[in-house]
Amino acid sequence: MSEIAGKMAALVGANLLAKNHGGSGVLLSGMSGVARGNVVVLGSGTVGSNAARLASGMGADVSVMGRNSAKLGRVDRSTDKNVTTRFANEVTITRLLQDADLVIGAVLQKDARTPRIVTDAMIQDMKPGSVFVDVSIDQGGCSQTSRPTSHKEPTFEKHGVIHYCVPNMPGAYAKTATEALSNNTLPYVIQLAETGFETLIAGSGPMRTALNLADGKLHNEAIAGTFGMEHTPL
Amino acid sequence: MSEIAGKMAALVGANLLAKNHGGSGVLLSGMSGVARGNVVVLGSGTVGSNAARLASGMGADVSVMGRNSAKLGRVDRSTDKNVTTRFANEVTITRLLQDADLVIGAVLQKDARTPRIVTDAMIQDMKPGSVFVDVSIDQGGCSQTSRPTSHKEPTFEKHGVIHYCVPNMPGAYAKTATEALSNNTLPYVIQLAETGFETLIAGSGPMRTALNLADGKLHNEAIAGTFGMEHTPL
Amino acid sequence: MSEIAGKMAALVGANLLAKNHGGSGVLLSGMSGVARGNVVVLGSGTVGSNAARLASGMGADVSVMGRNSAKLGRVDRSTDKNVTTRFANEVTITRLLQDADLVIGAVLQKDARTPRIVTDAMIQDMKPGSVFVDVSIDQGGCSQTSRPTSHKEPTFEKHGVIHYCVPNMPGAYAKTATEALSNNTLPYVIQLAETGFETLIAGSGPMRTALNLADGKLHNEAIAGTFGMEHTPL
Amino acid sequence: MSEIAGKMAALVGANLLAKNHGGSGVLLSGMSGVARGNVVVLGSGTVGSNAARLASGMGADVSVMGRNSAKLGRVDRSTDKNVTTRFANEVTITRLLQDADLVIGAVLQKDARTPRIVTDAMIQDMKPGSVFVDVSIDQGGCSQTSRPTSHKEPTFEKHGVIHYCVPNMPGAYAKTATEALSNNTLPYVIQLAETGFETLIAGSGPMRTALNLADGKLHNEAIAGTFGMEHTPL
Amino acid sequence: MSEIAGKMAALVGANLLAKNHGGSGVLLSGMSGVARGNVVVLGSGTVGSNAARLASGMGADVSVMGRNSAKLGRVDRSTDKNVTTRFANEVTITRLLQDADLVIGAVLQKDARTPRIVTDAMIQDMKPGSVFVDVSIDQGGCSQTSRPTSHKEPTFEKHGVIHYCVPNMPGAYAKTATEALSNNTLPYVIQLAETGFETLIAGSGPMRTALNLADGKLHNEAIAGTFGMEHTPL
Amino acid sequence: MSEIAGKMAALVGANLLAKNHGGSGVLLSGMSGVARGNVVVLGSGTVGSNAARLASGMGADVSVMGRNSAKLGRVDRSTDKNVTTRFANEVTITRLLQDADLVIGAVLQKDARTPRIVTDAMIQDMKPGSVFVDVSIDQGGCSQTSRPTSHKEPTFEKHGVIHYCVPNMPGAYAKTATEALSNNTLPYVIQLAETGFETLIAGSGPMRTALNLADGKLHNEAIAGTFGMEHTPL
């Protein structure tokens, strides 16, 4: 789903920049003779690199910021020439956000709350009518100004910057998302139908670890912990 | 303005395909393992080729249809490999529209009403939730189903297809549009300031032909004809 | 050799589509104003991705089908925009083969007979004069209709589809294939000449495992098993 | 048809280089670690530039030779980086042919026999098993060694070089060629059906000049001259 | 020669930016994680577009400034995505020069002294150690700070900016320049040898207009005017 | 630093080819109608692939030579079409060097002196005025003719070939190099400031292994060995 969310982030951002959506009226792709829009992507993982690819495809000037040199190198080599990679630190983030028309938050930390690397002050320094799409909102958001919104009312304005913070973004492109999900789950469904439930669970494959509930008992330790329920090991 | 309108058409269409905007939920760029969206562009002029470039940049499969072999060849050579050019005739248009997720009407005929090459029946044959953006609406529209809308209420649904028919599209990206307009008009303003009105009008340059009204008299013959007013030759 | 076989498959297929070779007369690259050919590649490994690259280079519309998401993603990012990746299942394969002008079988399973994922019925559904190149024929072929042919008589027709099933494809481009082979074997030959046979065999390097026969004794267990001969461990 | 002939020339040549077709066994696209094939295209018009594009797409090293600086510049800017343009003179042609694996003759002179810029001696100097495809054969051929062949027996060998000199090349890809032809003629057929023969001929449009025979009289002066028949002006 | 001069300008500029040549130490192509250099090209003709292409090929961020919309559009469509085109006016030039690492003057006005669009104040505003290469120096230079230099002492420093103003730039790459020159003059030399001097001069071809001196008489009116000599019409 | 050194090598080489720097006067990028320069890169690691990318970006014909098939394949897939990869052996190196305008030595062997794969004889066979940039000079150089030079006097001539052998190349582009270095060291500096010296050294992270000297004692065994000093284990 990260691939869809990343691509969507660039698309949604380009759209919110329109005057009638409250944006500054900058067309990311520019046109001949006129400056293009500046897109800053915070994060160089799957979400970030896909957001960068789509924004680059639309013709924007794109900066991808990250702290992992190897990942930045990979993004650098596999994207078009309007994508620059930048090592992320407070000074550089602050400066790049001041010139940005669209900022995409794609900071994801495994098994932890997303760090809030964008401060309230940085948002205040952004140009009026610019847009901030926080894809990392489903793990808490990467800006002090982020709070979850919904597909019904997807945006709010703060310090003159339009914030889009819908946690379940891929739901908007349900057909593509469903096909992607089916591709990855269908093999397991077939295996289940052909091999049978008991045999799969008894084995050592991924199906055993995937079992959450069976015969009224909860086998997933993490869920049990979260909800304070009893946990029965398999 | 045609360059902006073309790019905008692809962007607006991609956005309307989202479920929450009433579309089929197809993400034009697809993702690895999943089919991409099909975009059909009717017309191979400035609007059409710019729409094709942006849709191609987003990763869609794009067909540009036209009747001018030289223009089709130029589009073919100057776009990426996911853009195909097709000679436009009724049979081909009908067939391609059936598979389309997004259709962009960019048919412009000089000094005449746009021909209605898309019929009501063709629209009925399109997939439910697909999108039709008619850029040629400001000259009457290229589909029997088109009628002008506004930035406030930009779309209507007909035969299950979302129609976007805003005549003044570039207004949405006012900042980029204004910069483009200034670039092209500023030289004349400067000339006006430096040379003076009378001298310019007396000359044979473009300023003479551009004069519509002066000293309470109407010098533009076409406008005089349209509004049934008296025409005074310069 | 997989790299050559993959590239050759696209080239051979493009050529067999000519009327005078029995094909449907579709030029894969199309031309401006005319539809291009559809190429479906079954498999996303070295053979498949190289076949896709050459077909894409010739200007065809290419779909690469596979079941490994990571591999599909890699093909997606490293090929041009006329290459789409699709997750392979029976429904999708059936549908894509109906529209294909050229199908390339590049399904390779390690240490096992290639699975026959193309059925007789799927071939019957293909367009007359379309072409099927089965690169996986050297491990049994991936279609129920495949049977080995030779460079002398490389094709046969079945259900109106031209089949090309030559097991040793790279032999046709012997010069390129030989240079590739030499590049990879020469270092060992030099090592053999410099270090001497006994020393190398006594060591733990790849030369020890590569030894099949010595002093009239068979040291390769797999070959011994296949031919029912006596096996002498080193 | 020049577009198809050019693309076909590269495809046919790549195929004839296979050992089993008598060629040197060089795969034009090479592979990683191995040299690619050298393609020399004589002529920078529609045939030449399309031949260069397909050869470049297959991964060969391509040199396009011509005498028109403006055309060479256009080819240079609109092709990929493995295409070099070279000003054509006897010295350069001789030297480049010595290193070529495939030579494509695309020299077309308007209203005149093609000049024979390739001499018997240059062909003798080429590498054994290399291929010469003479697209200009329908206007007499651009080499002293060229003579027309047919789709049935398309090649002959001279000085160790395989010659392919079929005058009506596009016939091999009849489906694509027919669609292209229909695209360009259909508008006239429709005009004929709607407006009627007499009206069109009486007018000053292209249909009047296109008329060869009517009411048993020959109206085309050039044909009359060629066959020594009586010419009746319209 | 404009093509070479343009390419050279980017190359020379990249080199002068090195610390040991007095530059700011910015590598135009940057590297992953680090900002790239900014190149501003003044002029969108042959010199400008070639300078932009080479700077873009090296990986810099490039802005091409011009006043001809059609030319800017052509540069926009035929260059890579790290090239932006900007309409040139005093405000924009001033702002872009402040951020530039390398500025290339490629402003050429036909039959007239180059306008001095870069002022002393703009140069003062540039970053210390940045580089200005004025290709238009052979027609007077496009900056108030420009004055001709030589291949021996090619640069001088003014307001902290390194100026390179060698009028005959292509001389540095004499081999490439000579081959280019020969390509374009050889046909005339051959014609001269084959047809003879008198016949050519008597005709109406380009050789007649190219004649400057013959039989001790000066036939070129412009040269006669410049040097106050007697002019004899042919 | 390898990334900068590689890019710089191509830039420095292109510059030294100018007549006024003693080179042959070949412009690597050529121009339309004229042959481009040949660049041979010895080595396919970080230095080699970056040198190849910049030379390719300038428009040269580039051959990357190496002995690691996997690395060559990666370079092949991730570079433009004017880059060819070649398996390195004595015969091929000798032949390619004869045609080269610029040779870049990027042979790096881990923990060992660079092997001298370029012999004095190979250099003698090169064209007069061609250029050899030996990036591997800081580990001894990869040619029998290499010896270290300095930024002040960076080149010497041997057998008519200009040698550039500055060990600390990135120093010339100090600004870019410093930013790159800071990006990679800053995180450690921050960690040092926040966590404190003793805690970090006591831990098992990279800071412990990075410690060379503390409290007047030498903790790095390799340095101790090289200088014959006493080594105190942590």
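For clarity, chains are labelled A, B, C, D, E and F in written order, and residue numbers in each chain start from 1.
As a convention for this text, a residue touches a chain if its C-beta (ideal position, glycine included) is under 8 Å from a C-beta of that chain, and two chains touch if they have at least 3 such contacts.
The shown structure was predicted, so the numbers you read here are calculated from the model rather than taken from an experiment.
Comparing chain pairs C-F and D-F by the number of C-beta pairs in contact, the larger count belongs to D-F.
Note that among the pairs B-D, B-C or A-B, B-C reproduces the A-E interface, with over half of its contact pairs the same by residue number. Annotation: 38 Å between the Cα-based centres of subunit B and subunit E. Subunit C and subunit E have centres, each the mean of its CA atoms, that are 52 Å apart. With centres set at the average Cα position, the gap from subunit E to subunit F is 32 Å. Residues of subunit F in contact with two or more other chains: 30, 32-35, 56, 59, 69, 77-78, 87, 179, 183. Of all the residues in subunit D, the ones that touch subunit E in their complex are 67, 69, 77-78, 87, 89. Against subunit A, the residues of subunit E that register as touching in their complex are 30, 32-36, 56, 59, 61, 69, 72-73, 75-77, 80-82, 84-87. Touching subunit A in their complex are the following residues of subunit F: 78, 179, 183-184, 186-187. Chain contact summary for the complex, subunit F toward subunit E: residues 3-4, 7-8, 11-12, 14-15, 17-20, 24-27, 29-35, 54, 56-59, 151-152, 154, 171-177, 179-180, 183.
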